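Order of writing sets the chain letters: A, B, C and D. Residues in each chain are counted from 1.
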Amino acid sequence: MDKLRVAVLGATGMVGQRFVKLLSDHPRFELEVLAASSRSAGKKYAEVVHWCIEGEIPERAAGMRVVEARLEDVKHEGDVDLVFSALPSEVAREVEAEFAREGIPVISDTSAYRMEPDVPILIGEVNPDHLGLVREQRKRGWRSFIVTSPNCTSNAMIIALKPLMDEYGIRSVIVSTMQALSGAGWTGVPSMAITDNIIPYIRNEEEKVEREALKILGRLENSRITPADFKISASCHRVNVLEGHLEAIFVELDKPAEPEDVAETMRRFKGRPQELRLPTAPERPIIVRDEPDRPQPRLDRYAGNGMSVVVGRIRRDPVLRNGVKFLVLGHNTIRGAAGNAVLNAELAEAEGYL
Amino acid sequence: MDKLRVAVLGATGMVGQRFVKLLSDHPRFELEVLAASSRSAGKKYAEVVHWCIEGEIPERAAGMRVVEARLEDVKHEGDVDLVFSALPSEVAREVEAEFAREGIPVISDTSAYRMEPDVPILIGEVNPDHLGLVREQRKRGWRSFIVTSPNCTSNAMIIALKPLMDEYGIRSVIVSTMQALSGAGWTGVPSMAITDNIIPYIRNEEEKVEREALKILGRLENSRITPADFKISASCHRVNVLEGHLEAIFVELDKPAEPEDVAETMRRFKGRPQELRLPTAPERPIIVRDEPDRPQPRLDRYAGNGMSVVVGRIRRDPVLRNGVKFLVLGHNTIRGAAGNAVLNAELAEAEGYL
Amino acid sequence: MDKLRVAVLGATGMVGQRFVKLLSDHPRFELEVLAASSRSAGKKYAEVVHWCIEGEIPERAAGMRVVEARLEDVKHEGDVDLVFSALPSEVAREVEAEFAREGIPVISDTSAYRMEPDVPILIGEVNPDHLGLVREQRKRGWRSFIVTSPNCTSNAMIIALKPLMDEYGIRSVIVSTMQALSGAGWTGVPSMAITDNIIPYIRNEEEKVEREALKILGRLENSRITPADFKISASCHRVNVLEGHLEAIFVELDKPAEPEDVAETMRRFKGRPQELRLPTAPERPIIVRDEPDRPQPRLDRYAGNGMSVVVGRIRRDPVLRNGVKFLVLGHNTIRGAAGNAVLNAELAEAEGYL
Amino acid sequence: MDKLRVAVLGATGMVGQRFVKLLSDHPRFELEVLAASSRSAGKKYAEVVHWCIEGEIPERAAGMRVVEARLEDVKHEGDVDLVFSALPSEVAREVEAEFAREGIPVISDTSAYRMEPDVPILIGEVNPDHLGLVREQRKRGWRSFIVTSPNCTSNAMIIALKPLMDEYGIRSVIVSTMQALSGAGWTGVPSMAITDNIIPYIRNEEEKVEREALKILGRLENSRITPADFKISASCHRVNVLEGHLEAIFVELDKPAEPEDVAETMRRFKGRPQELRLPTAPERPIIVRDEPDRPQPRLDRYAGNGMSVVVGRIRRDPVLRNGVKFLVLGHNTIRGAAGNAVLNAELAEAEGYL
């Protein structure tokens, strides 16, 4: 079976680089086109990218000519069966629609379409059935569709909450984050700003966390999603860590649960990607550690090749009714971004959407 | 009026150094004796201290001979009217009692006696009346008394909660901390452990935070303290910051309150130390900042010479009933430790206890 | 005697902020005008500056209206007797000349005119006589003059070398630097670039270090400077430190010298600013520390209010003839920039040039 | 051919952990015994080790019972053909001799025997012939021998210097280092000491660097080593980097050399381990990078699985005769410690010494 030919839009940014790395040796996808801004167009990828993730630039990608991230230019460069988008939010809305309209599926990691009622925010292990929603996008006059991934902070939290919702029911969630620098991009946080410091604010982040989770954990019925029926409160903070978002989570459950049962419920959790043995699916979506001082970003962020989230310190919460509290860590540019999107594409293919 | 002669017990540690600095040029106290472990005894302070706070060792202290932190040795070195204690917890219990028994008041920053029913945990602005509790200690056969200070993490939170409790009533509190390295002492956190990392665990810290606040915010009646009647849930984490604990706080109030009213209530807050114009009292116990990205540890920790706590990002909490959430920052070794204790001593003197 | 009225050009950058701080409570200079780019013009200083140095924005400056950094706009805002320039290098050349031409002396911290034969690079303690060179600038048709300050890295090294050159003669110098983040400006070094890392390259820095020192240590004769007659080799590196450049220096002397004699020579060193008791002059231009592990940037950068350089670990060098090696630390935005320029202005005034 | 059975002495420290990792899946060595201090003896490795290198503890090692690092205990635990030693220096001298005396070869990474005239300090690519020196150790009455590895700082420098010495001759070397935290062990550098700071001193380090290189680059004749005939001057500094020592090197050559020729000479360099295709030998001992801002510790330390050194910024030095300067980076606990020792063992086996 031939590989699908893919393009990466926004290939030079941090998430774009993760896409290039994950797709460079992928069993189902063949990297055909790298697209970025007009400034980079016409040059070799290795010349324009400020490569900043572990290891060297994959050799083949290094020599590829970058084109501008527009339908016309991408098509001119090569036939592609789908595109991965890590475009800056200012341009994502228009460009992604262009591809979907012309029949090229868009697996997006941008926020542009996340909250549209006919666009799923997809986490393979959590809401694989939401893929069906893409059919609604034909009403826009599009020949193909857009699938989005959640915000990196929402992602780790939602994966940890999913088995709890299924087993015990959730009434409310409070989350306080300690987020990594890479979430803001290579130049997002000046070293003068964060050395010996914390920045207790990330623009629009709390709003996203409080909203996206309810859509993702919601129910798809009659071609629309009914959001999950609980409330989330987030406080988001940037700390001096390169990669890996760590989140302190306090959950009010419907039914009482012992910490050890919560742990067991999380450990047992598997989803559709594990059933289908998708190439990027981690063996265990949630790894629960027993040590009192884990998860730690530097030590745990590459668990499951950065696709597992790591949970620790599950304990009772004395304030919330049937309350439990715990920590969850997710690799923000792998599970929380490019890795999740690649998994979405694998799922879409396996389920016959591509 | 003559200055009171004071000793610092545990003078070489990080909190001990803060005591030495704060007391080196104090209008009411004269630094007479520096005491530490037997290893340091007999040597000059400058020779045994690993001075690690801003500025040089105060000149007079630098030349003082260190004695062992025992009643006998301290008395032999000089007559003292009171002692400040920053002893390691293993020895604090016995040594502090020795002084109190023999009639020398102990202003302690250790945890040894904090939860004893006849010992106040004192924050000048919050529960000055609890000082009266010390009279109960005579029943132990002590000629003088011990006054303690709260844990550094509790301290900042409690100061921020006090005006809210008075104005709106508090039902419950959830707090997620990002604590500084100095809280663990000079060698407490290896650089290999915390660089590009977070340690999501601080031994016994959550228990202290969940318990101390209720005692401090409790009512003194009939010589005993009735703890405040609400619940606290804490999640405590160590981040890569030198000084200044930052805490994300979620509060359920009895009565609804607009964020701007909460801000105003905090801004107006003054306590007994401000009324008495005590030397170490900050003009404003709580500084509320309006910028969206403050407080930040490096920029705000020295507000009010490290004695003010800084609050920011006051906003509604969508989960808790009458909920508000905000951030509070306190200098953990000044307001959260030595500075609070010095203020306690000033209060005790002004109120006639010394 | 009335204070001189001054403007700061480039007042919003990191060096500009240092100027504002140093000049806000200065006995001889009165801050009259704050000038920056056209983007900031018309707004209050507090609104446009991203204040990032210790303490709050000086109150008076906070409320001042910023004007564009052009002669016309500055003059329109107020009469000024001299200007301090921390302009970006692209615009410094033209704007500084404009002021000098029209009779307003320019005390510059930019590199624009440093290597011009008729412009002195001035360090008060090292080459105060070079001030005389400014008379040559009249030949340009200028009614006043420009005085420059050295690059921040050169500065600390040169102050340390000056007494050695006078006492023993210098044959050659090798210097390897560990430079602070602030040298690149607030956004100069992304946190992603420097966390757990070193960047072993600073554009144009080695060239400046290898050239400027020879001019500053040169002799002024017949209205021209004969550069010092030795060679310098530099290797410049950026490390994860907020402020304070640390430099490992290896010197080949003309005459042999014991390390303790070198230390004594440095300790004794005083210059014209100390003789004249200029307000910004540190009591000791060079502080020599005896501890084996000093100077350290965080502990020593504020020595002499950031105007002293701190030397340590003076020892024989086994490779160079009559070789000594040592470390020197200088506060790069105070002694290495704004503080040096303010001292230059004080010197110019005291010597009758203003 | 059966694998050789090996023990690791000092298996719980940072270098010990590297040994365990490198030997856990080694084609020629089988990890039989893990030995450490008496405190750890009798417990499982996973219980006593504070694992702090990338990835998890190798599964088999995790379950192994630790014994005390003494001949008797190690022999009792299992038959071993050789031991790797990463013992603390206080005990290394006696324990290593014990093994060598009783006929078990010791591949050491400690400094205990480095400067003994009959003990080689071995770098496979640099002085493989020095292995022959071990025969001299029989005169001590030992049935087997000790081979040592250089200090981590010397190691990277020497590998970079070796091809220059062979091609151009070396007259002198000046080196200024920026060394990683792991060199001091897990608890060696407190975070309070190094955050926003540099420590410009590492005990005994400069002496080692100035001495070891000359022995390693010396000639073995008539059973003794004549040290290389040039001088080295070192200035050693600790910076805030987890792993990877970066060194600025200034070399005086015998013959003039263009930077591009130096680069080519380094690139071509191969040694005996490459000829023999030893399992741990990197394909290229020296990787030369052309970018102006490389090598960087975080980006380059794992080049060649941490066994290559990375050189960059080769340029003329204006001070030294026939001078060149460049930067070199080596992974201090792999190439600079455990990896070098494992390569030494592979070489010893291939050359018939085991």
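Operating definition for what follows: a residue touches a chain if its C-beta (ideal position, glycine included) is under 8 Å from a C-beta of that chain, and two chains touch if they have at least 3 such contacts.
The shown structure was predicted, so the numbers you read here are calculated from the model rather than taken from an experiment.
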Requested in this report: Trace the shortest chain of touching neighbours from subunit A to subunit D and give its length in steps.
Outcome: 1
Requested in this report: Write down the chain pair with more C-beta contact pairs when A-C is set against B-C.
Outcome: A-C
Query raised in the report: Greatest Cα-centroid separation from subunit B: which chain?
Result: D
Query - Centroid spacing, where centroids are CA-atom means, of subunit A and subunit C in whole angstrom - result: 48
Query raised in the report: When the centre of a chain is set as the mean of its C-alpha atoms, what distance in Å lies between subunit C and subunit D?
Result: 42
Query raised in the report: In angstrom, rounded to a whole number, how far apart do the mean CA points of subunit B and subunit C lie?
Result: 41
Query - Residue numbers of subunit C (touch at least two other chains) - result: 52, 195-196, 240, 242, 299
Report summary line: Residue positions on subunit D within touch of subunit A in the complex are 52, 54-55, 195-196, 299, 302
Query raised in the report: What part of subunit A is in contact with subunit C in the complex they form?
Result: 52, 181-182, 186-196, 240, 242
Query raised in the report: What part of subunit C is in contact with subunit D in the complex they form?
Result: 172-174, 176, 178, 195-201, 210, 231-233, 235, 237, 239-242, 246, 248, 250, 292-299, 312-313, 317-320, 323, 325, 327
